[in-house]
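Pasting the structures here.
Across the two complexes that follow, subunit A remains constant while its partner is subunit B and subsequently subunit C.
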Partner chain A sequence: MSIELLLALITGAALFGVGIYGALSQTNLVMIMMGIELILAGAMVNLVAFWRYLHPDNPAGQMFVLIIMTVMAIEMAVGFGVAIARFRAKGSVEMEEAAELKG
Partner chain B sequence: MTAQMFFIGFFGLAGVWFGIVVFRTFSMVRSALALLFSQTAIGAMFLSMQAEFLGVLQIMMMATEMSIMAIFMVMFMMDPGGLGEMDMTHQKRLSLGAGIVSFMAAVAVAVFVDWGPLASVSPDAAQQTIDLGLELLGRSMLIFETAGITILTAMIAATAVAIQPVKRTREQ
Partner chain C sequence: MNLIAAAILAPLSMMVLILLLRRFPAVLALLGATVGMFASLYLLADAFNGQGNQLILPGLPDMPLRLISTPLTALLSTLVAVVSNLVLVYAVGYMKKDSEKVRFFATMLLFVSAMQTLVLAGDWILLLAAWELIGLSSYLLIGFWYRRPGVTSAATRAFLVTRSADLGLYIAVFILIASAGSSDIATTLNTGGNAAIAAGFFLLVAAMGKSAQTPLHDWLQRAMAGPTPVSALLHSATLVAAGAILLIRVAPMLPPEVLLVIGLVGGVTTVVAGLIALGERDLKRLTAASTSSQYGLMLVAVGAGVPLAALLHLIAHATIKSGLFLGAGIFQHSRNSTVLVNLQGAGRDRPRVFFGYALAALALAGIPPMSGYFSKEAIIAASLASPNALLLAPLALAGTLLTGAYMARALRILWHGDRKSHKIVGLYWMGAGLAGLVTLAVILGVTFPDIETLLNTRLPENTPTRFPPEIFGLGAAVGGLILGWFFTARRLLGPLLPWVQQGFTIAGGFDNLMVRPAFAIARSCERLERILYAGVFAVGRFGLDIGRAVRHNDEQGIDGLIFSLVRNTVELGSRARSLQSGLIHREMAITVVGTALILAALLLALLVY
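On to the complex of A and B.
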């Protein structure tokens, strides 16, 4: 196995782990979104590494990265929309206070 | 050690380090800037892996996205500068455990899976862009168009959610 591929996959794994920690531990909506961004960044690093070191002649690998970037943009747009609505209604984006839907 | 290996390792380490800084600082603006540096380092890593188009796209897109995020941080936070050192975390031990377990599981997959024969050369930047363009407007056109429609729907939905509701009087 090439060291370059291993380095890229370990970087992707580390970004995924840091993102999981951030998304679970933060109480602020925007900080939770930052954690999700890091998780998606980890996935992107893996996809680029797989494309480069396993199938460089197949551009479908790069296309998947574009789809992940689209998912990141959608997550940001919808997340900020929800954050603005929440801030207007309650004056805060703290998710510990958002327990209205709790059963 | 080749130059490519060095730069992948260097930018990978920088990306992970700035990713950790995002959740270590009390200042929300610094968090947004750390995430910007992390994503930029990942873009530089793409460039090191000879994915020129994706590297430049990642850096440009994330620079814009994180600048917007920093503005939202200042708008929403009581203490965006972090001077009060307010702790905004919960279930820390569980989150740390989940992060470490997912990291170890992903590393185990990376190390123990046989990835098969590796490619030593990749197409040059111009050829990559041509191939990607043909892929997007050929075989993957439906997926690409669906992504475009989805992002348009998300923009409309986000605007609709964020618009201040109009209070109507009885006369209206």
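On to the complex of A and C.
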């Protein structure tokens, strides 16, 4: 394993850890979504690094990255849609106050 | 429609109508009785033309219910219809001030139709049913004024005495049906041998109860608690007559032993009841005792083997006695009492009523040319001609003598005394009923030869004595009248009087003889029943205990298991639900922790292998 791969994996893991921390610690829906973006970004960094340093001739890794980007875009669209609806209805996107769906 | 049915159904349907409409009871009752009377008269006319009539209704298997119109039953049916019609006419006046006319006339009609069923019945089962029905309706009628003191006990006593004697009829009917194999009365009359003797004695018991023969005569006098038209109807052609009618109808079957006993019971009754009547202090009770006495004479005639004489006396007595009661009812209304002391001189107030009453009284005593004379002569001739003449004839003559004596006594008391005029409501109706009955009582004797022709039997002509029996009878009757008119009861009876006025209470009387043992038996039965009761309750309690144990087991065991399962599931569910907080980051944290745990497990598994 090359040093570059190791550095890329550490960067990806750090991004993932920061994302998890952000998603768990923040109470604002927008901030939670930012955390989730960071998690997905970490995963993308990992995938790109594996493709670039281990299997540069196989395009499957790039395909995974493209799928994740699509997922990110959709997640953003849905998440902001929910956030706007929530804001219009309640005037806030604080998730501590949003327990209506509790079973 | 069959005329037999009309004779029964006309009064019955009017009864139903009265009960439904609850108005015009008197008019409807008279209408029903009149229609029934015409049906009966038509049956009688048919019988004179030699035509029988019968109606067979489905009954028990092989035992259809029969209503037949033979000369005898048609004659009796006519008698019942005519007498009840005249009594109802009288009752319209008598009950004018009573507030419960609906109940009165409805019950009277029920009584009349039950009696018609009884006389027209051609089989034992229908006869039994009608017999019970007249018992019931007489109970209702005697107890009509049930709010007055003593009335209910009189009604109950009448019902119980006749009802217990009725058991004799049941046994007799069972014996007859078992031995003849048919419930048809005409067929069972061919029974002979021991069955006939046994059945005869039990029929006698039934007849003694209904016809108030000694020692079962007591209830009849107490039955005077009812309204006077009821007494008139009970005593003349219906309830009390049922016993004599029964014996007259079965007379061809009865063996000599039974006949002798019937004659003796009748003879003793006619004397005992005659003495009671002589000592009686109440006009209606006097008349009631006289009824027992006259039915005793009829039983003497049956016992002497001449049921025709009994039938003639039954017919004559029915009109005479209802006439006497109707007269007594008018006197009762005029003085508001039936005690003889209060009635002194009541006859002088209303000479026309007294005239009718006196005619009936003389007819009962047996003075020619009234109906009572012919029937009484027939009975005395029969008793003289019978094989047991030595026993029966003196009793019959004594009965005749006593009849004259107590009737003359009643007339004397009614005539001698002060006048106290007092207006009576409904006198015309009462007078009409009385006049009709007295007319019949006077002239019916003329029709007796026709009745003999109708029934195709003759009174025996030959007399074993040197003198014609008329001399004995007439002598006894006139002698009795003279004794009763000129001597008081105290002088006639002497030291016997107190005993007679208690109704011959032999050995403490009926109450001590029958009622005390009955109560003792009832008490011991009650004790036995209490023990049985306790036993039954113990069984019940044991069953309850078992049930309770089973229920406990069920609740604590099976139910407990199931319910604890349910409770635990519910608890688990509520605990699991608390995980679902609805807060995003909490759920996310759980997800993260869970995923981390799964990853750790996977890594551990990789390291181990």
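In the analysis below, the second predicted complex is superposed on the first by the 103 of 103 C-alpha atoms of A that agree within 3 Å, B and C clash if a C-alpha of one lies under 4 Å from a C-alpha of the other, contacts with A are read in each partner's own complex, and residues count from 1 in each chain.
Heads up, the rule we're going with is that a residue touches a chain if its C-beta (ideal position, glycine included) is under 8 Å from a C-beta of that chain, and two chains touch if they have at least 3 such contacts.
Everything numeric in this text was worked out from a predicted model, so none of it was measured.
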Combined model on subunit A: subunit C and subunit B, fit or clash: fit
Subunit B versus subunit C as contact partner of A:60, first or second or both or neither: first
Partner chain(s) touched by A:24 [first = subunit B, second = subunit C, both, neither]: both
Partner chain(s) touched by A:96 [first = subunit B, second = subunit C, both, neither]: both
Touched partner set for A:32, first subunit B, second subunit C, both or neither: second
Which partner, subunit B or subunit C, touches more subunit A residues: B
Closest approach of subunit C to subunit B (Cα atoms, Å): 7
On subunit A, the residue positions that both subunit B and subunit C contact, one per complex: 20, 24-27, 96
Subunit B - residues contacting subunit A, complex: 2, 4-5, 8-9, 12-13, 15-16, 19-20, 22-23, 28, 31-32, 35, 38-39, 42, 45-46, 49-51, 53-54, 57-58, 61, 65, 68-69, 72-73, 75-77, 88-92, 94-96, 98-100, 102-103, 106-107, 110-111, 115-116, 118-119, 121-123, 128, 131-132, 134-136, 139-140, 143-144, 147, 150-151, 154-155, 157-162, 164
Subunit B-touching residues of subunit A, taken from the complex the two chains share: 1-22, 24-28, 30-31, 33-35, 37-38, 41-42, 44-45, 48-49, 51-57, 59-60, 62-63, 65-67, 69-70, 72-74, 76-78, 80-85, 87-88, 93-94, 96
Subunit C partner contacts - residues on subunit A that touch it in the complex: 20, 23-27, 29, 32, 95-96, 98-103
Interfacial residue positions of subunit C with respect to subunit A in the complex: 577, 580-585, 588-589, 592
